[in-house]
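Presented below are the structures under discussion, each in the form of structure tokens.
Each of the next two complexes has chain A plus one more chain, namely chain B in the first and chain C in the second.
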Partner chain A sequence: MKKESNTVQPSATPVRSAPGVLKNPYIRYILFGVVICLLPLLANSGIMPSSFVVNLGSVLIYSIVALGLNLLLGYSGLISLGTAGFMGLGAYISGYLTDSVGTPFIVALLVAVIIAAFIGVLVGFVSLRVAGIYLAIATLCVSEILRKTFEELDQFTNGFSGLTASYPKLFGVSLSREMTFVLLAVVLVLVMMLTHNLVNGQMGRALHAMRGSEVAAQAMGIYLLKYRLIVFAIATAYAALGGALYMHFVKFSYPSIWTMMLSLNILAVVVIGGLRSIYGTVIGALIVFAVPDLLLKRIPVIGKIDGIAYIFTGVLIILVVMFYPNGVVGLCNDIKKLFTRGKKKGGASDV
Partner chain B sequence: MSKTHRAANTLPDQQALSITDLSIQFGGLKAVEGLSFYVKEKEIFGLIGPNGAGKTTAFNCITQFYHPDRGEVLFRCKNGDVVDLVGHPVHEIIRLGLVRTFQNVEVIKELSLIDNVLIGAHTDFKATIFEQALRLPRARREEREMRAKAEQALDFLGIADLKDTLAGGQPYGVLKKVEIARTLMCNPKLIILDEPAAGLNDSETAELAETIRQVRDVYHCTILLVEHDMRLVMNICDRICAISFGQFLACGTPEEIQKDKLVQEAYLGEEEPE
Partner chain C sequence: MSTFIQVVLRSLETGGVYALAALGIIIIFRTSNITHFAQGSMGMFNTYVVATLVAGLKLPLWMATVCGLCTAVLLGCLVDFFIIRRAKKVSPIAKQIITLGLIMVFVGLAPMFFGVDPLSLPRFIESGELNLGGAYLTYNGLFNILLGIILMVILFYVLQKTKMGIAIRTTASNEPVARLMGVPTKNVTLFAWALAACLGCLSGVMIAPTTSVTPNVMDSVQVNALIACVLGGFQTFYGPVLGAYIIAIGTNLLTLYVSSVWGGQLMYLLVLLFIVFRTQGLVGKKLIKKV
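So, the complex of A and B:
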């Protein structure tokens, strides 16, 4: 199959112990997807509560969205606080199209993604003029405008009462909750592969160069405007894709879901999980969106504190930024190193 | 300004770059004023001057980071056409065959050395974003070919064994070489080196001089050196242009420049009248 990418990821150590097949990144992504697909069995067998599937499904959705933000923030060094707005846009478009117009699920998904990508391109134009904190404010404004639109355009969005949708119908078959979960896993794995291809090729290098120095990037022939527009389009497309999947998995959407809090949480996913790390993004999503609900809320006393999730995320961001600026992935690599060192020592003593 | 319109320019056969009456002004400050010189093909040409002489400004005008107020920058491109660079977008310059390095090396710390070098091949990739995203045959082939070429360039500079290590944490000398390797990726006609010896010690500078000569001989390109380090300049340049306060002082071989009264005054101050 495809033999590529001996690119060194920041702080990534080569997996020496893995057998040949596992060295292929695509096979690893697929295996990763298979493992995710098996997780609902935990709930079915009673080890985890049945809400576990919904929690985990949201993690997959937020992973897709956060991968887009990682392209912006991690690779290109551009910040966006508009993620939630674009997610909401995707959710409403696809929800409205499937339930009110009767468009097939796939078509609705594509329309949602394309419209969002188009708006993303417009934001990309803005990003050429403003940078840093001002770009954050500009994208936040776009997001808030979108949210306000969701509230006001009630013939499409049903306003504050919210829009409901059903599980997706694929090729005439209505999917169950578990099947939708599998669909999410498949989409996530595809998005991870696409992202992997993009960041390890010419475009990824161009984004790196752009983050490093705009002047040097231009001298290397990189047209800043083009890559700004592309990366914003991809990031918003991922967000809309996530939003549309959310609509058909969680099955409802209110304007109050798509607030700045959500954008900040997705930013936290990228920072905690690891800038410029694909697996790190998924780990980050798991930490930010699943750990508070699945673990913290079960702990007595602490679980009762209002907004424990935010406290948890906030403390974690501080810890990560202080000790692992490249995210939790850095911690994982350190643990891996500890193990391989232990193995080597063990091997040596055997001899 | 279209390239076709500009293609009518002419340069004498042996010249690679010719600058005529280049002027740029920032506010009231005339950073470069009426500067003219030419660089011959396959030549190592030095642009020198005391601090603040306008060397970097002049060369930013050549590479179109600044747009000069006046003047012409004629350049013989890869395809043999002579174009006036003035007015071309910055990111187009490298396509024509002119590439530059930076005074404070601009490498990406988070990328491996070979990936840094591959950034230099950016304009040679023809595969679209979709082809890259799906790793279609053309994207894979290009990536493979460019990677081989980048390995050659690293090998040429003697750092091929470091190719998969991250650029962050590498010594300055290695990063300088990565930057030079990166310029070689685009098959340049003319390489502009911005103070390549800055931050290098004596032995590294000597090695750099040898490297620059080899680049010229092996890759058949012209080299324009903007430099502070007099030993390097006098050692390797075929001809030198000296400027001071944005104005032309002298142009000639290293010996001629060393003997030139105006240059001596600019560097050492005027002689006391006896």
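So, the complex of A and C:
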């Protein structure tokens, strides 16, 4: 196990037919980020309504959060319903620090992430003792405790009336909405690269082994405690990072945002997009958080129905879990396979 | 002392509501091996049915509740027939996610059918108070406490003594073997889903008069019922009921004597600590993992 950890994993680059530069996964992540950064330009030139920028920006934020949950749910098989609580924690800490204490944006972001990661480690300890169904409810319990704290601790959180914040200030420059959007894209690309490295390295293999069988993994010399704590710390850190960015992009936060429904929505992102897929998570976020607002509400009759967004996501979750466990990303691969099989005239026999 | 009695009596009322919801969850868990996260949302949907019948058609509450129970049976059967039965081969975690999807479907369907305005639901007994040594209890509260206890007694009688109860318990202990022995497990799960939906509906009707009927009327019931199941352990039917009453009484006493702000959070923290040290819950047996 340890000898292998220094070598680079060849499986990290799945596409073989792409030209040389595109083979590098990092360059593909950066290209993806550049494409996202161009979206506000579309809005400025009038091709796309400028309100879309806010929607797409929150898609980026939720993608960051969902990548953390994907580490838990997809790679480690641990179900967590506490995402919204940790997101709220990040939002309130960074909002309070920048607004009332006056710390710089980056410091506030770091403090939020570190505090959340610390609580994540504590939850990790719980997860060692409490497995399966109990864990989901235990994390739900943590999230409820956090949400009630947001309501009651009103000298920090401003209670039910909500906390407001401004766009982030980076190195003395106040960012505009478009610049904040670019910042979100940069953070997302960094998070995607970090996640890519994590899951393709030693830790990824350890998590795969743990998901298959904890006992077998332990027998192979994998130290469960270490990886459980790391994976929970990272997942909560991502959630807090997303929350802090949300605070400075959407600019307000109420206790009623950080409920179980949000945790469910983020879970839906991971399930619909595809477990154990980085791009899938972003696609999932687009489907869950953008499609209802941007597309469904514009369809004449269906768009008028209240609660159509929830029905859409809920039905999609059930359908994907029952009939398409690989998620939407699996759909892309299957279509690709269908075409290559057609070329080979049914020659492909791999399972 | 009289405040203490009053708080305990109030807690018995909310505890009964949590216990009914928790019983629904545990029956589903034992027969279908699914953690039923949508218990609260299904209850919410049926409570909407009851509230709409009362407000729109001016039906008396008891008649509306009977209608609500009918839709609950229908809904439970539909969910089992169209979704759960077809998801047998799905992994246990994915099954949980299905019920999480169900929550979203019901939260979305409720405003579609019943509109976005919150509805109000009357109490079973509108007025009157009982004086018990200085502590006051409304007749409606007494009715709710008694209804909860009577329902649970009937349920435990059914589970222990009748043929259906034996079928449920056999399915719960080992589904494939029960099927081999000729137990109609499909009908058992169908019955379990209908029963759970009814229990959810009743707990909704009991809790709704204290607030208004909105899509998140059952959120706290749902969370507390789940935590009650964890506290009581998933292995027995009476554990969650015990857990539900402990949570209701504990929360209210902590709010009264320790801190009015932090009582609820403290109770959850205590439960969390408890299950860390005793993973199988209050009365559960420790499951031994086979390798």
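As a working rule, the second predicted complex is superposed on the first by the 321 of 351 C-alpha atoms of A that agree within 3 Å, B and C clash if a C-alpha of one lies under 4 Å from a C-alpha of the other, contacts with A are read in each partner's own complex, and residues count from 1 in each chain.
Here, a residue touches a chain if its C-beta (ideal position, glycine included) is under 8 Å from a C-beta of that chain, and two chains touch if they have at least 3 such contacts.
None of these values were measured; they are calculated from a predicted model.
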Requested in this report: Record, for the superposition on chain A, whether partners chain B and chain C clash or fit.
Outcome: fit
Query raised in the report: Given the touch rule stated above, what does A:197 touch, chain B (first), chain C (second), both, or neither?
Result: first
Query raised in the report: Which partner reaches more residues of chain A, chain B or chain C?
Result: C
Query raised in the report: How wide is the angle at the Cα centre of chain A, looking out to the Cα centres of chain B and chain C, in steps of 10 degrees?
Result: 80
Query - First, second, both or neither for A:206, with chain B first and chain C second - result: first
Report task. Check the residue A:276 against both partner chains and state whether it touches chain B (first), chain C (second), both, or neither. Result -> first
Query raised in the report: Does chain B (first) or chain C (second) touch A:230, or do both, or does neither?
Result: first
Query raised in the report: Thinking of the overlay built on chain A, is A:49 touched by chain B (first), by chain C (second), by both, or by neither?
Result: neither
Requested in this report: Could you look at A:220 and tell me whether it touches chain B, chain C, both or neither (first, second, both, neither)?
Outcome: first
Query - chain B versus chain C - smallest C-alpha distance in the overlay, whole Å - result: 9
**Report entry** chain B and chain C footprints on chain A, overlapping residues
**Finding:** 213, 215-216
Report summary line: Counting only contacts in the complex, chain B reaches chain A at residues 63, 65, 89-95, 99-100, 102, 106-112, 115, 118-120, 122-123, 125, 127, 129, 132-135, 139-140, 142-143, 164-166, 182, 186
Query raised in the report: Taking the complex as given, what residues does chain C use to touch chain A?
Result: 29, 35, 83, 86-87, 90, 92-94, 96-98, 100-112, 115-116, 215-216, 219, 223, 226-227, 229-230, 234, 261-262, 264-265, 268-269, 271-272, 275-277, 279, 289, 291
Requested in this report: Provide the residue numbers of chain A that touch chain C in the complex, in ascending order.
Outcome: 73, 77, 79, 125-126, 129-134, 136-138, 140-142, 144-145, 148-149, 152, 213, 215-216, 259-261, 264-265, 267-268, 271, 305-318, 321-322, 325
Requested in this report: Note which residues of chain A are touching chain B in the complex, please.
Outcome: 2, 4, 6-8, 10, 194, 197-198, 201-203, 205-206, 208-209, 211-213, 215-224, 230, 276
